[in-house]
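Have a look at these structures, which come just after this line.
There are two complexes below, and they share chain A, which is joined by chain B in the first and by chain C in the second.
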Partner chain A sequence: MSSDALWWRVAWRNLWRNAHRTWITASGLAFGYFASIVLVGLTDGMNAELVENGTRLMVGQVQIHAGDYLPERNMHRTIGGYGGTDVESLLTRIEDHPDIEHATPRLFGGGLLSSGERTVAGLLLGVDAEREVHVSTLLATLDEGRLPRGGAFEVVIGQEMARQLEAGVGDEVVVVVPAADGSMGNDLFTVSGIFQTGTPGIDRDYAVLPLADLQSLMAMAPGRIHEIVTTVTRSRETPAIAASLAAALETTAPEDPEPLDVKPWTELRPELHEAVALMDSMSFVIVIIIFAMAVFGVANTMLIGTFERRREFAVIRALGTTGSSVSRTVVYEGVMLGAISLAAGALVTWPVMVWWHRTPPDLSRWLRGFEWTGVQWRPVLRVEYSVDAPVVTGVALFATAIFAAAYPAWRATRVPPADALADR
Partner chain B sequence: MTDLSVRTEDVWKIYPQEPEPVEAVRGITLEIESGDFVAMAGPSGCGKTTLLNMIGGLTDATRGRIWVGDHEMTRMSPKERARLRLDHIGFVFQAYNLLPVLSALENAEFTLLLRGVPAAERRRRVHALFDEIGLEGLADRRPGRLSGGQQQRVAVARAVVGEPALVLADEPTANLDSAASASLLDTMERLNREHGTTFVFATHDPRVMDRARRLIRLVDGRIESDERDAPVRPGETHAPATSTG
Partner chain C sequence: MRRTFPAARTRRVLASAVLLLVSALWSPSPVQAQTAREILEQVDQLLRGESSRGRVTMSIATEHWARDLEMEVWSLGTEHSLVRVRSPAREAGTSTLKAGREVWNYLPRVDRTIKVPPAMMMGSWMGSHFTNDDLVRESSIVDDYDFEIAFEGARDGVEVWEFELIPKPDAPVVWGSVEYEVRKDDMMPTHVEYFDESGELVRTMVFSEYRRMDGRLVPARMDVVPADKPAERTTLVYHDLEFDVGLDESFFSLRNLRARR
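Right after this comes the complex of A and B.
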C-alpha cells in the first residue's frame, strides 16, 4: 500500500465514522443531482416541444430553396431555375442523407379566393399530400372533411378563411392566382376540408391544394417547385445537419446550374432558436444555484468533521506528514462523498426519468394548450434526456464535492499541531 | 542510526495573550547528547511540553535557536521539519492519540508507510515489536477496543518502529497503572540501550524520573536544576498530568 492508498483508506473510514452524517450529506448531493437532471430534462422536453411544435406545423427543420428565393419569395425563383428540376431525383438524394428522415416538395402562390360575394387574399400552398403528412402536421389538423385529391380540383382551407368566405366542406371557391407566364390563372375548386391549426395567421391565410393542380394553375412545369422541407433525426443538431446536407447536395450534383440554399430551422425561426437558448440558459443558472447551495451544505458538514478531527490532524503532522498530505485525505473524502452521492443520485434519478419520459403527465384535465412564440403548446410535462446531462451533472456533482472539501482541507493544513494537541 | 543530539540556545516561547503575554519558556539553553535518557520534570505550566514541542518542530520558538543534530530546527520550513520528524524523530503523546480509524497495526506502521517501506517489511517489524511489548494478537483491533495501556504501547510502537534517533515523549505514563507504566519504561530503556535511541520525556511521574539518567527540572519556564542520576524528591508524586507543560 502506498501512502496515497493510506490516505484513501483513512478518508473512506473517516466517512463512515458518522454514517448518519455521511448519508445525510450524500442525500443532499444526490437530491441536487436528481433536481438538476429533472430540471434539465424538463427544459429539454420543453425545448423539444417548442422546436417540434414550432417546426412540425409547417416550417420543417430544414428547408431547401433556390439560392435567390429567400427572402423575397419571387414566384419565378424555383429550384433549378425556370426549367425546374427532377423533383423525385432531388428528393431521393436528400432522403439519402443519414440524418434526414423525410422530405416533401412545395409550391407557393399568392392569390384571391372567392365564394359568393366574399373574397379574401390567401396564400396557396401546393403539396404532395402523401409526403407532406410525414413532414408537417398541417394536414393532420383537418377539423372537417378530407385531404384534397390530385386532379379533382379540391382545396382545403383554414377555419378562419372558411368563416370569412362563409364556405364549408363541399362548397365551391374560385381561386385566382398570377401565373408564371404573366397571365392570371383561375379555376373553380371544391372545399374538401377545413383545417384548424390554432395559429391564427395560418388558419386565416392558407389554402392547400395538390402540387400538380397549383403548378397547372400557375402555368408551371411539373419540375418547378419553390421549396423542399425535411425533418431530421436530431432537431437540436439541425444546423450541423443542414451544413452537411448542403455539402452532400453540392457533391452529388455539382452540375446543378443553380446553387441550393439549405437553411436550418434555427435560421428560419430565429425567435424559436433564441427561446431555446434562453430556456437553456435559465436551466443552467438554476443548476448552478442548486450546486452552489449544495457546496455550502457539504462544506459546512466537512468543516465540522475536520474541526472534530483537529487533534488527529495534529498527530499526523507531528508524525511527519506534510500539510499537502493532510489536505489530500480531506479532499479524498470529498471525492468519495461525490462518488457515493452520484451512485445514490443515479439510482434514484434514472428510473424516474425513464418512467417520466415514457409516460409524461398529461395536464389537459387542468390546463388548456396555449400559444407562445407563435407555437402551440400541449399541456404535457414532457422530459427528454441525453448523454450530456448526466455527464455534465455528474462532473458538476464531483466538482461540488471537491470544491466543498477544498476549504476544510485548507483549514486542516492550518491546524497548529502543538496547540491542537493541547486542545487550545 | 543517525547520531542526533539536541541543542537549544536561549530559547523563548511567548504566547501573546491578553492582558499579559505568557512567557512559557524563558531563555532555556541546554544540550542533550545522543543516546541519552532524559526527563524534563516540573509542575504544570512550567514549560516542559512547550520545550518538547519546540524541539520537535511542532511549534516555533519566539526567540532563540534549536538544533537537532545538524539541523537548525528554528530555520527550517514546515515541510523540512515534517521530513526530519518522519525520518528521525518519534513522538509519544500523553493521550495516546492513535488514529481511531486505523487498526493497531496500521497505526504502528504509519510512519513506515509514509517512508515507503515495503508492506512485508512493515508487517515484519511491527509484529516483532508487538510481540516484544505484549501486543501480540491485538494487531487488527481498532484503538476503541484496546485498554489505555495497550493503546499507549501501540503509540510507543508507532514512535519507535522506524528506529528514530530521537523519541520525544510527553507524559507517556500519565494514564497508565503501575504495571503498564513499568512495562512501557522497560521497553523504552531497552530500545535506548540496544539501539542508542535518545529519549526525552516531559513528565511529572516519579517512576519516569527514577529511570532517567538525567533529570532537568523546570520552574516557570526556566531550568531550575540539571542533574545526572538525580534522586526523585520526596514531594514529587504522581500528580495528574497536563500537556500544557
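Right after this comes the complex of A and C.
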C-alpha cells in the first residue's frame, strides 16, 4: 500500500470517529448546495419568464431590419432597399442558422381606423399569420373571432381599440394609411377577431392584417418588408446568436445592396436586459453568503476535530511522521467530507428540481399577476435547469470543504510533540 | 415609434390651403402707425364672413416621391373651408372639411367620412408638409398669440413689418414662436417662419407671384420648406380665385363633404 493510500484510509477512519458530527456538517454543506441550486433555478426561472413575456408577445428575440430603418422607422426603409428582397429565400437563410427556431416577416404602417363616427390612430402590422404564431404570442391572445385571411380584407384589432371604435367581430372598419407613393391608401376591412394581450399600449394601438393586404394598401411590392423577427434556441445567449446570424447573413449574401441590422432583444429591450442582470447579481450575492456560512461551519468542525487529536498528532509526529503527511490527512478529510456532502446534496436536489420544473407552484389563487419593467408576470414560481449552476456550485462546494480544512491542517502540522504529550 | 400618418398630412395641407386663402384675402388697405395686434385683427375682421372659391395645384416633393394634386377650395371666413381633390383620377373626390376646430376627410373609395382624431392633428395633410393642425390653427391666430412688431423698415429695398407671434401660455400651439413678414405698401405677406420651443427653425413658408384675382391682389404661390429636409417642399399655386361667392355655413356640412360634385 502506497503511503498516499494509507493517508486516505486514515482520513476516512478519522471522518467516522464521530459519525454524528460528520453527518451534521455534511448535511449543512448538502443543504447549502440544495439552497444554491434552487435559488439559481428560481432566479433563472424568473428571468426566463421575464425574457419570454417581454419578448414573446411582440419583440421576439432577434430582429432584422434594413441598416437605416431604426430608430426613425421610416416606411421607405425596407429590407433590401426600395426594390425589396426575396422574402422567402431570406427567411430560409435565417432559419438555416442552427440557433434560430422560427422567423417571421412584418410590415408596419401608421394610419387611421374608423368605424361609424369613431376614428382612432393606429399602428398597422402586416404579418404572415402562419409564421407569426410561431414567433409571437400576439395572435394567440385572440379573445374573439379568428385570424384574418389574406385577400379577404380582414383585420384583427386590440380589445381597447375595439372598445374605442365600438366595433366588434364582423363589423366594418375603414383603414387609412399613407402609401409609399404619397397617396392615401384606404379600404374597407372586416374585423375578423379581437386580441387581448393585457399590455395596454398594444391592445389600444395595434391592428394586425395579412402582410400582402397591407403591402397593397401601402402601394408596396410583395418583396418589401420592414422587419424579420426570430426566436432563438437559448434566449440567454441571444447577443452571441445575433452576432453569428449577422455574420452568416453577410457571407451567404454578399451581393445584398443594403447591410442588414441584426439586433438581439438585449438591445431592443435594454431595460429587460438590465432587470435580468440585476436578478442574476442578487442571486450571486446570496449564493456567496450561503457558501461563506458553509466555510465557517466546515472550518469549525475540522478545527475541533484537529484540536481533539492534538495528542495523537504529537505521537505520530514523535514517531517520525512528517508535518506535510499530517496536514495531508486533514485535507483528505475535507475532500471526503465534500464528496459525501455533494453526493447527498445532488441526491436531494435533483428530484426536487425535476418536480419543481415540471409542476411549478401556481400562486394565482393567492397572488395576482403584476407588471414589472413593462412586462406582465404570472404568479407562477417556475424554476429553470441550468447547465453550469450544478457544476459551478459543486466545484465551489468542494473548494469550500478543502479551503475550510486548510487552516486546521496547517494547525495540525504546528503541534509540538513534546509539549502536547506533556499536556502543556 | 414615430408614426407617419397620411391623414394627418392631409390636414396639414388643408391648413396650408386655408392659410393661403387667408393670405389671399389680405386686402391692401392703407394702415398707419398701428400696433401689431390692430393690424392683424384688421386682417382677421376683413376675412370674417367673406367667402371664396378657387382652384389650386398642390405639388409635393419628398425624398421618396413627388406628386401633383389639383384641388378646388371653398372657404367662409377663417372658420370654414372645404377642399376637394379633382385629379389625379385615382384620388378625385377625396375631400377635407374644416369646421371650427374639427377636420373631416371624405374617402370616395370607401364612401366614408372620417373625423381626424386629436392624436393625428400633427400628422401630415394629404402627404404634404402641412399638418391637419395648420388647418385648424389658422382660424385662431388672433386668439392664440401675442404679437409685437419685431422689425419695421426696409428689407431688400421693400418696406416691411416683421411681426413676432408668441403663443399665449395656455394656447394649444406647437410652435415656440412664429415670425410673419408683411409688405407695408400692399399688406401682402412675404414669408412666415416657424420656430420650435428651443428657437430652432422648423419650416418656412414663402409667398410669391402676387396677382390680382377677382379684383384683389393675392400671393398666388406659396412654398413650404421643412428646415430639416431642405430638398423637400410643398407648393400651392392658385389658378383662379373668386370672392364673395355667396356661401353660407350650411355649405360646409358633412353631407356636402360627401356629395361627389
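Here is the rule we use: the second predicted complex is superposed on the first by the 424 of 424 C-alpha atoms of A that agree within 3 Å, B and C clash if a C-alpha of one lies under 4 Å from a C-alpha of the other, contacts with A are read in each partner's own complex, and residues count from 1 in each chain.
Throughout what follows, a contact is a pair of C-beta atoms (placed from the backbone, for glycine too) under 8 Å apart; a residue touches a chain by one contact, two chains touch by 3 or more.
All values reported here derive from a predicted model rather than from experimental measurement.
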### Task
Judging by the criteria at the top, classify the pair chain B and chain C on chain A as clash or fit.
fit
### Query
Touching A:14, do we find chain B (first), chain C (second), both, or neither?
first
### Query
So, does A:119 touch the first partner chain B, the second partner chain C, both, or neither?
second
### Message
Is A:417 touching anything from chain B or chain C once the two structures are fitted on A? First, second, both or neither.
### Response
first
### Task
State whether A:379 touches chain B only (first), chain C only (second), both chains, or neither.
neither
### Task
State whether A:198 touches chain B only (first), chain C only (second), both chains, or neither.
neither
### Query
Touch check for A:320: first (chain B), second (chain C), both, or neither?
first
### Task
Figure out whether A:182 sits in contact with chain B (first) or chain C (second), or with both, or with neither.
second
### Query
What is the contact status of A:84 with respect to chain B (first) and chain C (second): first, second, both, or neither?
neither
### Task
Would you sort A:111 into first (chain B), second (chain C), both or neither based on which partner it touches?
second
### Query
In the overlay of the two complexes, what angle sits at the CA centre of chain A between those of chain B and chain C, given in steps of 10 degrees?
150
### Query
Between chain B and chain C, what is the tightest CA to CA spacing in Å in the combined model?
76
### Summary
So, in the complex, the side of chain B touching chain A is made of residues 49-50, 53, 56, 58-59, 78-79, 82-87, 89, 91, 93, 97, 99-102, 110-111, 113-114, 116, 119, 158, 243-244
### Summary
Residue positions on chain A within touch of chain C in the complex are 72-76, 108, 110-112, 114, 117, 119-121, 123, 174, 176-188
#### Entry: Residues of chain A that touch chain B when the two form their complex
1-3, 6, 9-10, 13-14, 17, 311-312, 314-323, 325, 416-419, 421-422
### Contact footprint of chain A on chain C as seen in their complex
1-7, 9-10, 60, 62-67, 90-91, 94, 105, 107, 109-110, 112, 114-117, 119-120, 123-124, 126-127
